[in-house]
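Below, chain A partners chain B and then partners chain C, in two separate complexes.
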Partner chain A sequence: MRIGLPRALLYHKYHMLWTTFLEECGFTTVVSPPTNRGILERGVSLAVDESCLPMKVLLGHIEALAGRCDAVFVPRQEAFERGEHLCVKFMGAYDIVRNTIPELRLITYDVNADHGVDERRSMIAMARSLGVPARVARRAYVLAEAAQHAHEVELARLQQSVADSPRSDDVRILVVGHSYNLADELIGAPILGYLRTLGAEVVTSDEVDKALARRTGAGMSPTMKWRYNKELLGSVELYRDMVDGIVFVVTFPCGPDSLMAELCARRVTGIPMTTLVLDELAGEAGTRTRLESFVDILRERRRRGHVRAVGA
Partner chain B sequence: MSERLVTFPHMGEYWIAFETLVLELGATPLVPPRMTKHTLEVGARHSPEFVCVPFKYNLGNFIEALDAGASVIGQAGGGCRFGYYAEVQEAILRDLGYEFEMVNLTSSWSVGEFIADFKRIAPGVSTLRIARAFAIAYRKAKALEAVDDRVRKNVGFESERGAHDRVVGRFHRELRAAGAFRDVARLEERTLAELAALPLAKPERPLRVGVVGELYILMEPFANHSIERRLAEHGVEVHRFVTLTKLIEHGIRHRPHVRALLGEADPWVKYHLGADGTESVAMTWKLMQEGFDGMAHLKPFGCMPEVSAMSVLQRISREHTFPVLFVSYDAQTAETGIRTRIEAFADMLVMRARGRNSA
Partner chain C sequence: MRKGYLGVDIGSISTKAVVVAEDGDIVASAYLWTEGNPIGAVKRVLSEIEGQVAGTDVRVVAVGTTGSARELIGSVLGAQVVKNEITAHAMGTLSMHPDVRTIFEIGGQDSKIIVLRDGVPVDYAMNTLCAAGTGSFLSSQARRLGIPVEEFGDYALRSTRPTKIAGRCTVFAESDLVHKAQIGYAIEDIVAGLCNAIVNNYLNNVGKGKEIEPPIVFQGGVSKNVGVVEAFKRLTGHDVIVDEVGHLMGAVGIALLAKSSGLEGDFDFAVREFEFQTMGDECGGCANNCEVVYVLRDGEFLDGWGARCGTGIERARTASAGR
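Let's turn to the complex of A and B:
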């Protein structure tokens, strides 16, 4: 059986877990190609107009998998830990896809710590419903979880390497955004690429010790319940003294980010920040101009900082 | 120390219950000024650009109330962005230079936390007094809802224009002054009797429309441009199921409530969509089967739980040719646009009903 994985939303975070698990269970996995204009346009036409950009991207990827696999994998996640939440689009993703493209066969698993539905049992139950023996599914989960863990340790190590590395003469910028935006070929990749073209050193909110970032984020904003926004907020605090400026990459009209960026701008001072709001109509020229002027501002600040340091 | 003046956001006529709650706790309420265009303007000016519009209305209420002298703000929250309103609004208001105390009533859904929050609103208040204050405010909210429900169903058919509003206007004034449970109960009973006595020109089988969607837009006529009333004026019996007291009951009994909703939303939705999304689907499906003529689905622009619900509602509407009017509200929504769409929707319902009757 071939299972299709849309290269969207949490695929960018959990692809190690998912592909390892499905393959160890004996399935063949097919991943949709990196987002391109065609995929986005299909997603835009399938989605409810007011859906956020990542949801439109997801629907485009789902359609790109139709006919290329026997079933498409769309998990449903509400909470990984008690009292903590994901954005409601992750709660709705499975049912949105099911009602938007009814003829497609989907497979899913649910994670909801608030109701005692955990990832391990849920994934194993999904595999068993597809005829995988319990022993094989349990073993697949152990291997998948280990692969995912190793992947996350590697991301945390990247953060440490930023902290340890000597500063170059040019500016270093932290780009803060959800992994499904930053890792997307059409959304985040052009921004990261362009900043590098301008000569800036780029680090992202993804390269961080996630558990530490969540604890840090929770300390900065006690009532924020979204798991991934805690990570983003925490990354700002963990990196702020190592970078010259911060770029928020927000997709329109992201609910959690609209409030988090606001709070961040008010609570974190003393470092230049800018917010790029992207939608399916965003032109690259406008984004580039804004990034150029932001980098110019950071360079100017840095130059003045040097002058002050020499004068002192 | 200057007097503690406690304020809260507006939502429909619930201010009568909120005012009672604060009073009965032994504190002094400051009802925010009535909603005007200024409320939204000042709220929007200081809000993140694309935050959902209830945030902007709430912030506008707070600014106007603080300018009038309020020193304590009570805010609630829900299972979406609403749960994060209080903290961000507090940060914005502090940056604007206001001094006040913010009490976030739904930072957790536990009785102990509720009591602690109420004690912050009125320091030194006994737990017994909190229970009584909550109970009387809750009873007043119930009375508001019972009267409101009757009006929605009948106001479109009143023989004498303005008759319902006259009764309701007096009801609101007297409800505000009512001090004891039995006074509220009697007032509710009398008002419902007065409404029942009003002459109606109502057909045996009137058009029936259910209104579902996001809670704040549903319950704040200023924000939804009085859509329920506009629908009623076109000869529609309007039904709505989301009310403040139901939200509180569902919040306390969240899991069984969600389970029941998922049963009603079957086979369209397998998992809870968050906030009121599942309820929008469940009610639409249920009312369609009960023979309602159509639904109105209301939400703030970009409200994710309701956008999720929309993908399901659009499918139900398409596969069962069941009329659903989708309305999204933001700070720029114009009254005329809403009026035109309601008119067209109501005309379509009338034509469908005629076609059905002649067939």
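Let's turn to the complex of A and C:
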């Protein structure tokens, strides 16, 4: 059986866990191609108007998989810990896809700590329902979990070694955004690429020790509800003294992200920040103007010894 | 013979050009509407500049371009420096107000704030997706009220009790405006309320979280509106400087950046005589289908933009060669 994975939303975070698990269970995995204009345009026409950009991207990827696999994998994540929240799109993704393209066969698993449904049991149950023996499924989960963990540790280690390395002459920038935006070929990749073309060293919020970042983020705002935004918030605190400036990459109209950017604008002082709000119409020209002038400012500050201003 | 540096600022609404001599004199300046045709506007602006430079001992040795058409015009003029308008504005303003600490700018479609300390830009912000509270919003409301936009400020100054207008969103501001007019508010009070709304909107969005300290210089088309200037003074509690030549700051800044680049090249005003043609094409090489824009000089490929990879530009080059 060939299982299709849309290269969207949490794929960018959990691809190790998912592909390892499914392949260890004996399935073949098919991943949709990196986002391109065509995929986005299909997503935009499938989605309701009020959908956020990442949800439109997801629907485009789902359609790109239709006909290339036997079933498409769309998990439903509600809460990893009791009383914790994830953005509603992760709760709703499965049902939205099911109602948008009813003829497509979907497979899913739930994570909802409030109802005692954990990731491990849920993924194993999903595999069992597809005819995988319990022993194989349990072993697949152990391997998948280990692979995911090793992958995250490696990413965090690589980035930390950049952050800890002696400063070059040029500026270092923290780009804060969800991995489904930063790792997306059409949304985040051009921004990271352009910053590097300008000569900036880039560290990102999604390659960080996530548990540490969540604890740090919860300390900055006890009322920040969303799991992944806690991670982003924490990354700001963890990296702020190692970078010259911070760029927030927000997709329209994300509520949690705008709350987070606001919170940082008010609480994190002494370091220049800028926010890029992207939607499906965004031209690259405006983005480039903002990034180029931001890098100019950071360079000027560095040259004149404004590396760290008050409060940092 | 003195060296001169030509700075051209091509915005969506207006095109500005100056020539700054090596000793800092502005020996020529021109300002006109872009009218949706940046190349035509630059040709016209160059003919004005050439006339002013002709009688002086200045020779242009370097060119800088800024503004939203900076890349296109940079190629057309063979510019040594192509830079974003924020950096250019900061440099230009610093040359005339070396002690400036805050620059407000509200233009036709965007608004920005630049924070400077000790003569260095240290922070900036720009409006995001929404153009509420910019010049185009003001002029459409002026039209709705039947007032020439140039007189807008004077109306505001005559008001004794400005009404409250929701400035957060153009759509709500507009319905608020109609409502206030219908229940009988004087037009002066409505206009003054609108000016307050613009400034509140600016300070709460673009200016939020920024340390706004004097001296403050206010630029961009909306700075010509005395009603908005007064509202800025009242709401910030500081004096706000509006420069007579504020509209030229971007052009002056990019001329100075061209000078400090140390790069020089031959510049000939005869560039006006060439025929430039811009072409747009969808690449079609992959699903991204990039919109490639390129410019031809007397029928020959000069430069192209907009492609995510090299394919689109190569296709444009080949297409123009076969023309």
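Quick notes on this structure:
As a convention for this text, the second predicted complex is superposed on the first by the 303 of 312 C-alpha atoms of A that agree within 3 Å, B and C clash if a C-alpha of one lies under 4 Å from a C-alpha of the other, contacts with A are read in each partner's own complex, and residues count from 1 in each chain.
Following the convention adopted for this analysis, a residue touches a chain if its C-beta (ideal position, glycine included) is under 8 Å from a C-beta of that chain, and two chains touch if they have at least 3 such contacts.
Since we're looking at a predicted model, the values are computed, not measured.
In the superposition on chain A, A:P272 contacts chain C only, with no contact to chain B. With both structures placed on the common chain, the touch criterion links A:P190 to chain C but leaves chain B unconnected.
In the superposed pair of complexes, A:E300 makes contact with chain C only, with no contact to chain B. Touching more residues of chain A than its counterpart among chain B and chain C is B.
Once chain A of one complex is fitted onto chain A of the other, the partner contacts of A:E63 are absent, as it touches neither chain B nor chain C. With both structures placed on the common chain, the touch criterion links A:E119 to neither chain B nor chain C. Touch criterion met: A:F252 reaches chain B and chain C at once. Judged by the touch definition given at the top, the superposed model places A:R290 against chain C, while chain B stays out of reach. Overlaid on A, the two complexes show chain B and chain C touching the same residues of chain A, namely 252, 266, 277. Chain contact summary for the complex, chain C toward chain A: residues 68, 83-87, 117-118, 120-126, 128-129, 208-209, 286-290, 306, 308. The touching residues of chain B, when paired with chain A in their complex, are 47-52, 55, 77, 79-81, 83-88, 91-92, 95, 104, 107-108, 255, 268-275, 277, 301-305, 307-308, 310-312, 314-315, 328.
Chain contact summary for the complex, chain A toward chain C: residues 36-39, 186, 190, 252, 265-266, 272, 274-275, 277, 279, 284-285, 288-290, 292-294, 296-297, 300-301, 304, 306, 309.
Contact residues on chain A toward chain B in their complex (touch as defined above): 47-48, 50-52, 55, 76, 78, 83, 85, 87-89, 91-92, 94-96, 98-100, 102, 110, 115, 221-225, 252-253, 255-256, 258-259, 261-263, 266-267, 277.
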